[in-house]
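Common to both upcoming complexes is chain A, partnered first by chain B, then by chain C.
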Partner chain A sequence: MPLPSTMTPIATNTLTSNLASGVITFSNIPQTYTDLVIVAVGQGYTSSSYGNLQVQFNGDTGTNYSSTELKEFAGTASSSRRTTQSYLFATSFLDAGSASLLVGTSIINVFNYANTTTFKSTLSRGNLPGFKTELNVGLWRSTAAITSLTLTANDTPINAGASFTLYGIKAA
Partner chain B sequence: MGSVSLKYKSKSGNLTAPGDVDPGAMIPITTTTLSTNTASVTFSDIPQNYEHLQLRVMARANVLVSVRNITLQINSDTTNNYYRHYVVGTGASAVAGSDAGTVMFLGNATGTDYSSSAFGVSIYDILDYSNTNKYKTVRCIYGQENNTNGQAAFGSGLWKSTNAINSITFTTEGNYSFMQYSHFALYGIKRAGA
Partner chain C sequence: MANMIPISTTTVGSGGVSSIAFTGIPQTYTDLVIYLSTRASAASDSVGLRFNGDSGSNYAYRYILGNGATATAGTGTTTYTLGGRQPESTFTANTFGSASFYIPNYTSIYYKSVSSDGVSENNATTAMAQLTGSLWNNISPINSITIIPGSGNFVQYSSATLYGIRKY
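Let's turn to the complex of A and B:
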């Protein structure tokens, strides 16, 4: 008998209309996996180049988040930090601008999300065609198991057609 | 609710009845979570029936620094067959470099200068690991954060050998032990028809 699959789709939210709030929430996350992966594909609405895709865990709005970014933008590599934030900066999120067929992709890895011993770390890759590519490491300074997560695009609305999928990866 | 008997997808790829299940392409092989500080972690007897490997690591090293390189040796090869290129974001600038030696520097662990609850995280992809006609390439994204400091990095590694990979050993630069709760998970990525 084959070994069991380990990357399992938990939930998907595909927008059939513009989402004015820019907020996507996954709640009641099963505690049976080892890591989580969130794949977001889509675009925000404003005419600027890009905004942010931010994460909060378990509804925590305290200043318990930080991140470090490595990026290429306009032909230059650079790095910056966000400390003592009330959200975790996951990746940039592409805006529609004048190129409505362009979509940005964000892949957010959340490590050992169900353990109650360590802080929670993330590794996120963002690809914004025509603008930017980036890698971010993030930290939520909490030992609580993650039972819900909220994604927020700060440039709203999120355009119809965007999709957000939460996967679970279970180690042996 | 009654039980459901699951039938796995055959090599022909046919799902023919309700309840048939495609087991997917990413398969967990083995996991090590440290209960005590440990000098090294080795995955041996790696099955050869996958196309690629992925390793997902969360690590902390017993040394008073903020970050420590993780080092890899493949098939216990201790000769000068390892190479690395990297770009790391320090939070202030992007720094690139390369090196070579008897180990592959790739991935990172936090040190004891960080909060005891903060661990470095690394995702390694080892492509075509069982092929005996090519050198082996490893790509890795990794980083660590502690609110006051952090680094994010892309890296690629080369093991200059055509041997199939059947074991991987993780240590830290300077051989400081991995600390309790460090976590190493190995996955196989299947090829079509496997």
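Let's turn to the complex of A and C:
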């Protein structure tokens, strides 16, 4: 998906060992950008197909999230909805086992994250080699400015070598 | 500091070209992004990437495609990544397609995955929008990329830009 030329890295976390919790947190997010982009590259440890990469904003664990998924899986196109969720489903996250050379990619766009007037929307793109490709639209029903976000992979641990980077984008 | 850096750009001249190549790609970035604005000279609307000159059947793909009426999906293996879409020669004149390719960790020791989105607009019933996930089954760092159409040439004024992204 298009990424503007004003993309600036805010923080990055590259795992040097397996992450048992599956939880990555970015806190104290500067309020000086227009949009945020998260790029997650890696794999879960288990040898099953895939799990979820989930997002919560500002520590909100209430059922304030919803999303719509458009996906290809096993050569078939389909769409589904998730409502009244306690997390935002961003993308699936590849479970490739400990020895595989496969890695999955998630690119999560968070729009107008610092405003205090509107609910926050997201657009996420997932690529899981061998399993699926997908596009997800998400909503967090809160007018609060996003100051922190937590990524959680529900199949754990996340293998060493995975990287999670938060970028800020400034409008012209 | 903005860390999405243009590495190279190409605009096709008169007569068109059969491919667009970026060679000698610096190994100093984290990810690569390619933006395309292209149109085909032939009745074929696909666009893809080939890495390090590898023309073997080493590229797996899976896609979801809308044509203005129905959504379909598919998987397979071919000799380049799928993902881009561009107007065919029969589509509305002066119309170019748009596509983006995101290539994370292009210098890594893992197989290389590519996320791409492409559209081919047309002032008619049928036009294409496609999401594609691809995999190059090779652990080599990517040092060159060749952009190729399904058949024919890229016409004049087609353009491609390669960006590098640093996460530090």
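Following the convention adopted for this analysis, the second predicted complex is superposed on the first by the 164 of 172 C-alpha atoms of A that agree within 3 Å, B and C clash if a C-alpha of one lies under 4 Å from a C-alpha of the other, contacts with A are read in each partner's own complex, and residues count from 1 in each chain.
Simple rule for what comes next: a residue touches a chain if its C-beta (ideal position, glycine included) is under 8 Å from a C-beta of that chain, and two chains touch if they have at least 3 such contacts.
Keep in mind the model is a prediction, meaning the values are calculated, not measured.
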Practice task
Look at where chain B and chain C land on chain A after superposing the complexes, then choose clash or fit.
Solution key: clash
Exercise for the section: In the overlay, answer first, second, both or neither for which of chain B and chain C A:Arg141 touches. Expected result: first
Problem - chain B versus chain C as contact partner of A:Ser80, first or second or both or neither - result: first
Exercise for the section: Give one of first, second, both or neither to describe whether A:Val39 is in contact with chain B, with chain C, with both, or with none. Expected result: second
Practice task
Kindly classify A:Thr165 by the partners it touches after superposition: chain B alone (first), chain C alone (second), both, or neither?
Solution key: second
Exercise for the section: Tell me which partner A:Ser66 touches in the superposition: chain B (first), chain C (second), both or neither. Expected result: first
Exercise for the section: Check the residue A:Asn127 against both partner chains and state whether it touches chain B (first), chain C (second), both, or neither. Expected result: second
Exercise for the section: Return first, second, both or neither, reflecting whether A:Phe119 touches chain B, chain C, both chains, or no partner chain. Expected result: first
Exercise for the section: State whether A:Met7 touches chain B only (first), chain C only (second), both chains, or neither. Expected result: both
Fill in the blank from the handout: chain B and chain C footprints on chain A meet at residues 1-8, 70-71, 77, 125, 135
Fill in the blank from the handout: Listed in rising order, the residues of chain A that touch chain C in the complex are 1-9, 12, 39, 41, 70-77, 101-105, 107, 125-130, 132-135, 161, 163, 165, 167
Practice task
Going by the contact rule at the top, pick out the chain A residues touching chain B in the complex.
Solution key: 1-8, 34-35, 66-71, 77-81, 83-84, 109, 111-112, 115, 117-119, 121-123, 125, 135-139, 141, 143, 169-172
Problem - List of chain C residues in touch with chain A within their complex - result: 1-4, 6, 30-31, 33, 35, 60, 62-65, 71-75, 100, 102, 104-105, 108-111, 113-115, 117, 131-135, 139, 163, 165-168
Problem - Complex interface listing, chain B residues touching chain A - result: 8, 22-31, 56, 58, 87-94, 96, 115, 117-121, 123, 141-148, 150-154, 181, 183, 185-187
